[in-house]
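Next up: the structures, one after another.
You will see two complexes here that share chain A, one where it goes with chain B and one where it goes with chain C.
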Partner chain A sequence: MNNATSTDKLKQLWLLTRPYVFALGLAFLFTGIMLGLLGFNVWEAFKALITTSFSSKFQIVETFKKFTPLVLTTFAFAIPFQIKFFNIGSTGQMIMGGTIATMLGLGMSSFRVPSALAIILILTAAALTGAFYALIAGALKAYHNINPIISTIMLNFVAMQFTNFVATTPPWQAPLTGHPMSKELPKWMLLPRLFSELHIGFLIALGMVAFVYFIMKKTVIGYEIESVGHNQRAAEIHGINIKKTTLVTFFLGGLLAGLAGGIEVLGVHGRLVEGFAVTSGAEYGTFGTLTALISGAEPLAVPAVAFLMSILLNGADSLQRRLMVPVELVFLTQALIVILVVTMRERFRKR
Partner chain B sequence: MAKDITNILEARGVSKRFGEVQALYKVDFSVRKGEIHGLLGENGAGKSTLMNILYGLYKPDEGEIYIEGKRVEIHSPLDSIRLGIGMIHQMSTLVPEFTAVENIVLGTEESGSRLNIDFSRARKEILELSEKFGLRFPLDVKVKELSAGTKQKIEIIRALYRKAKILILDEPTAYLVGDEFDQLLSSLKILVDNGVTVIFITHKIREVMQACHRASVLKGGRMQGTVDIEKTSKEELVSLMFTGQNIDVTDSALPNVIPEPVERSEKPVCVIKNLNTYPIVKDGIVLKDVSFEVYGGEIFGIAGISGNGQKELAEAIVNPSIIASGEVIINGKTTTNLSTIDIFKMGVFYTPEDRVYEAILPTASIKKNLLLGHHRDNAFLGRMRTLRWNRIKGVSRELIKRFNVKTPHEELEIRKLSGGNIQKVVFARALMNPIDLLVTHNPTAGLDMASVKFVFEQLLELRRNGKAVLYLNEDLDELMIVSDRIGVLHEGRLVGIFNRDEFDKNKIGALMIGG
Partner chain C sequence: MNVVNELLKQMVAYTPIYTLSSLGLVIGGRAGIFNVSGEGTMLAAASAGYIVALQTGNWLLGILASAAMGAAFGFTLVFIHETTKVSQFIIGISLVILGAGLSDLLYKLVLGVQLFIPEAPKVPEVRIPLLSRIPFLSAFINQNVIVYLTYALVILVYYFLYKTKPGLELRAVGENPKAADVVGINVTLTRYLTTTLGGALLGIAGGYLPLVVTGTYTPNITNGRGFIAVGIAIFASWRPERTFLGALLFAAIEAIALQMQLSGTVIPYQFFLMTPFIGILVVMWLFKKKVEFPASLGKPYSRE
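And then the complex of A and B:
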């Protein structure tokens, strides 16, 4: 209506980003103090944390490689979170996806089918595995009102046992290794590289970002999910099936987490390795949860925050390697960011 | 400027802007010690905004506040409580899972050590207060099991327990039924006799005439003036509130609309046959063997004390999954096994009772709210089950114009609209497509007179076009203005049906309470 001047717009932008700027600033301040107290060179540490990811082609690729499963597990949490449910189970869904992918791949290894076909088959199977695994928690919520926080955590344990079983049992087990892992998948089944170590899983993940955006913003299903998130009772009265919507969000979330598992197996490890869903000291699922919380689960904010998080994680690895700073300190920073983002959003709410 | 010591509370030059909306502009407002001061104004006039500023929930852009002549800064409700201001919001702010005593003690410094609350002392004090002011309620029942009227009593006692000298009641009567208003009024009288000052927001001029000493009128964020009730008339108040609009009012201060004669359809649009339902909430009421018909060209009113099966009846029509036995037949077709969306597609729509918790997605845009319930209409669906947002936007703009919703654009969060404008959106959604049956529950709660008139006109327009309306309302006066017939619900049973020429407030009222 009234013509907003450019300073007005800047002010708007500042009001919008202010909580995040303060949260990040304070989180780094606290981390800096901790680093200092522990006797590390604060300047060097921060430099490593932030600039590592851009220091070489190798590091850029490493960052993208972290981003790929991270953005998927972030959505795995963010989609059910749209309707206020906590899917803590993306770890379980991811490793189930990876495990089934391995079993299928090893089973198919003696049939020479075209690479592309094999990859599509295996990734689809991984994604569907994750989806149906998440659906267990979704159904328990929809039909028996069991809190997904509890069911998904339980299902994580089951998934870990299953993965361990496959990695330590013939015919899948790799002979003569100490660490539980499976035999290698044939090379022709692995994800092709874009350049150096960067596999096409990165592109698939970007495709999935577009897919989630499309579902959430353009389709009826997305509108129904959003509506239930705004007001479940009103949504139900106006013809939205709450049970079905619950199932759909868990299915979609699990689909992406399962796909992340398949991509890690076919793109990074080439086999099932116990702990393949862990990066920088914790599961992709855990980092995904944090990332989703920071991004407010907004489909467009998710990839951006996931990318920043990948930079931090990659920086944390190098911090540990080069300066012997324990990665736990970076966990501390991340936890602080989450807590501070939430508090600052409250603090700066307009009165 | 000479200080007027009789003013316990004074606001000078208060302005507040929300984005493009100037909610208040240089408002002066003063309240005398020991009076009941009415605050009137149409929906969106700025009443709640002004009170929220006094209570420290909003920060004014400019202006000053004085209490007993002293300039004060109110940054949060903690400040205002300390200054002796208590506010009772329109929607209950009690913790549903707590009892009355727990709710009242919660968050007070007087509760002794935080780990060891002195409940017996608190109980004694609460009992004394409720005896003194005639506000009685069960102390040890979880408040979620209590009626709106009882919860309000608890909120008033909570404010008094915190030593409030000035009580702000924001639309305390919107959800009161039967004689609850008279009860509230007599308590308020005792309060002011004891030196408490009351600010009373309402849309009902009749209540202001009955209860208040003075009243102020806000319009479009500006103060229109303050009048002495003894020296004014309801016509003068109406003209202050709605300058330039011509609103004819009834004796009970409702807009006076007169239904014209209309031919009733031969076949009923909606047949309710031996309907029994499951409860909507756990251990809630159920419908028992309810049967009646609603014809085209008819407004069928449902009267009853709140909670006697109105919600169950309304919902059974659009959501057959709560039907235990019996059936609902729309235009000759049974709804058994149909979904809500199927029923909407048969030409039925529903505006539920609770505007904020049932009718809207408060944090979504007006556009997305208009879509709700129509989101599977073929007109809005493109390929691959995509929504045609451009079309939805176009339709939203048309509806905003057609229903005269006051908003800068269709992307505004709906909760930022005033109550009257929210209700216009709810009606716009219901009447977006031609429908045969409208089920509407308490559509006028909290609406100003112009908006009530708007709602009545919408119902009469449907009737004129030969459509059927099932109109559920706890306010008998309102029902009697527009209904052709009135059915009375009591404890889940339909205990009587009256034709318009038999309408009798006493007879219907007696049936409502089971007489």
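And then the complex of A and C:
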């Protein structure tokens, strides 16, 4: 009896994880073949990809530092995705958040306010900037039925130009640098360290994970989002305002992406640097989209998958450094994992 | 007048990028496949086209390689969608990212890191005698071969869609796949053919960038044009003739933005570079009441 239930449980677990096992297996098989064909040592490459993140205290911290913005941009995609909308704009929301954070920080650098106050103010401004930037796309969808895939991406390009403008124009621009970047923010404005290079942004991100979980599972708003995602027409009949729900999901998504931008500026760079939202060859926003799609946008699965993805990204960096494997190959693997996971999930669901 | 002529010529030279890419999306869209992977398709095709043209010294082989790469992307999208019925948007977005990775990877693997990026053989220009002396008109006909191909394709696709029986059948698949299926039209095959062919057009648009516009491949050479193509297809209501007009508009915006940037006004150049992206939002907003979609666009079709 006891035995039977435990095998049942095992079987259920297998059914649940089966698509992921197959997808990951196939994706890594493909990557292995590619690596082999290109003349790299496949075993060494995989070892570096997976174990780098655990190899030293420094690498563990690096992984956490990648996890921080990644989990936020993943939610930025995952929340509007609950009601089947694609927010591909977390890149734009993140860099807008970081840019406004820098402008505000430089603007108030001569007023000596308590550090905690300055940090809270700047991060709030960054988050709200991201939220309102995403709200443009949300409103275009809710009131003008313009596809968010297009609008969010267009806003990304606008944001990139704006960031470049701020990073190359006085009074913000740092003089005498080749790469577009702003002046440094004063030290007292930067995020305090937990230990070694790990800043408190990591804790903020964890707090946000709890916040999203709370919103999605314990509040009326979360319930409404879930209902609309489940069956839009039924939700409408039951008096849920679809337009409002659309706006709320984009606002929340943008809030987190904007916060990620603020955290990167105050926690990692200490200034606005063009390309600060890029890691391992692509934007955190792009990796966030991939991560959200792999996790099925489930609030509980998001942090777990984001953590695995951070390990992979950190491994990819080391792969490029040590074995000269182009990061794009890992990038390719991740896109492949998404396609495989999504198709496998669909395939096994039907049976 | 010379200035205007130069600007016109520049505009027409940009037109194939937008026309071919959105035309490719229109062909597939008319059969119900909403391909948002344009950016990734064009990037991978640009890289493939540049590499092949450079290695063989032949621009035509480069363009063909671009078309083949584009077709492969279109085929991948429709194959995954038709086999598993996974959302076309999810596959499309994944392909955007796949294309971005693949384009740089191909380039790095074949050419490695180089100090001087060599120029690929350019697509030749063809001048039509006498006509090319007429001001304004000359801007449209003193152009490279692909521009003429673009004119031909717009007319061809228009004629095919609205004046032939297979064109009517194709539109039927996009409007009502079940009804089309009932009268014996092969819905799946139609979607395979149109999306693959549309992918090839997107590919040529991608290859056009290094082989005509810049002469070299640089990472992220498409710079959002693949997404603008999607916007054009939408506000053109998935009609080839309007697609061409939309493409002219965005080619003009790009040409004018470039001129303004070079002329050195007080407005920072970044704001000119924003204009195509804000422009697409503006036109989509302006045309929001008028746009029409093929009824089955983006939706999976299965017989059950």
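By our rule, the second predicted complex is superposed on the first by the 346 of 351 C-alpha atoms of A that agree within 3 Å, B and C clash if a C-alpha of one lies under 4 Å from a C-alpha of the other, contacts with A are read in each partner's own complex, and residues count from 1 in each chain.
We take it that a residue touches a chain if its C-beta (ideal position, glycine included) is under 8 Å from a C-beta of that chain, and two chains touch if they have at least 3 such contacts.
All figures in this text were calculated on a predicted structure; none of them were measured in a lab.
Visitor: Overlay done on chain A, so just call it for chain B and chain C: clash or fit.
Guide: With chain A aligned, chain B runs into chain C, so clash.
Visitor: After the superposition on A, what does A:Phe307 contact: first (chain B), second (chain C), both or neither?
Guide: Neither partner.
Visitor: Go through the superposed model and pick first if A:Ile88 touches only chain B, second if only chain C, both, or neither.
Guide: The answer is second: A:Ile88 touches chain C but not chain B.
Visitor: Once the structures are superposed on A, label A:Val220 by its partner contacts, choosing first (chain B), second (chain C), both or neither.
Guide: first
Visitor: Applying the touch criterion given at the start, work out whether A:Ser151 contacts chain B, chain C, both or neither, answering first, second, both or neither.
Guide: After superposition on chain A, A:Ser151 lies in contact with chain C alone.
Visitor: Counting residues of chain A in contact, which comes out ahead: chain B or chain C?
Guide: Partner with more touched residues of chain A: C.
Visitor: Once the shared chain is lined up, is A:Phe30 touching chain B (first), chain C (second), both, or neither of them?
Guide: neither
Visitor: Based on the superposed arrangement, let me know which partner A:Ala234 touches: chain B (first), chain C (second), both, or neither?
Guide: So A:Ala234 only meets chain B here.
Visitor: Once chain A of both complexes is superposed, is A:Phe348 in touch with chain B (first), chain C (second), both, or neither?
Guide: neither
Visitor: Once the shared chain is lined up, is A:Ala282 touching chain B (first), chain C (second), both, or neither of them?
Guide: In the superposition, A:Ala282 touches chain C alone.
Visitor: With the two structures fitted on A, what stretch of chain B runs into chain C, 78-86, 96-104 or 348-356?
Guide: 96-104
Visitor: Which residues of chain B touch chain A once you look at their complex with the stated criterion?
Guide: 20, 57-59, 315, 318-319, 339-341, 344, 350, 352, 357-364, 368, 371-373, 375-376, 381, 384-387, 389, 408
Visitor: What residues of chain C sit close enough to touch chain A in their complex?
Guide: Those in contact with chain A are residues 36, 80, 83-87, 89-91, 93-95, 97-98, 100-102, 104-105, 108-109, 223-224, 227-228, 230-231, 234, 268, 270-271, 273-274, 277-278, 280-281, 284-285, 288.
Visitor: Quick check: in the complex, which residue numbers of chain A touch chain B?
Guide: Residue list for chain A touching chain B: 1-2, 218-221, 223-224, 226-227, 230-231, 233-235, 237-241, 351.
Visitor: Inside the complex, what are the residues of chain A that reach chain C?
Guide: Checking each residue of chain A against chain C gives 38, 86, 88, 140, 144-147, 149-151, 153-158, 161-162, 164-165, 169, 281-282, 286, 289-290, 293, 326, 328-329, 331-332, 334-336, 338-339, 342-343, 346-347.
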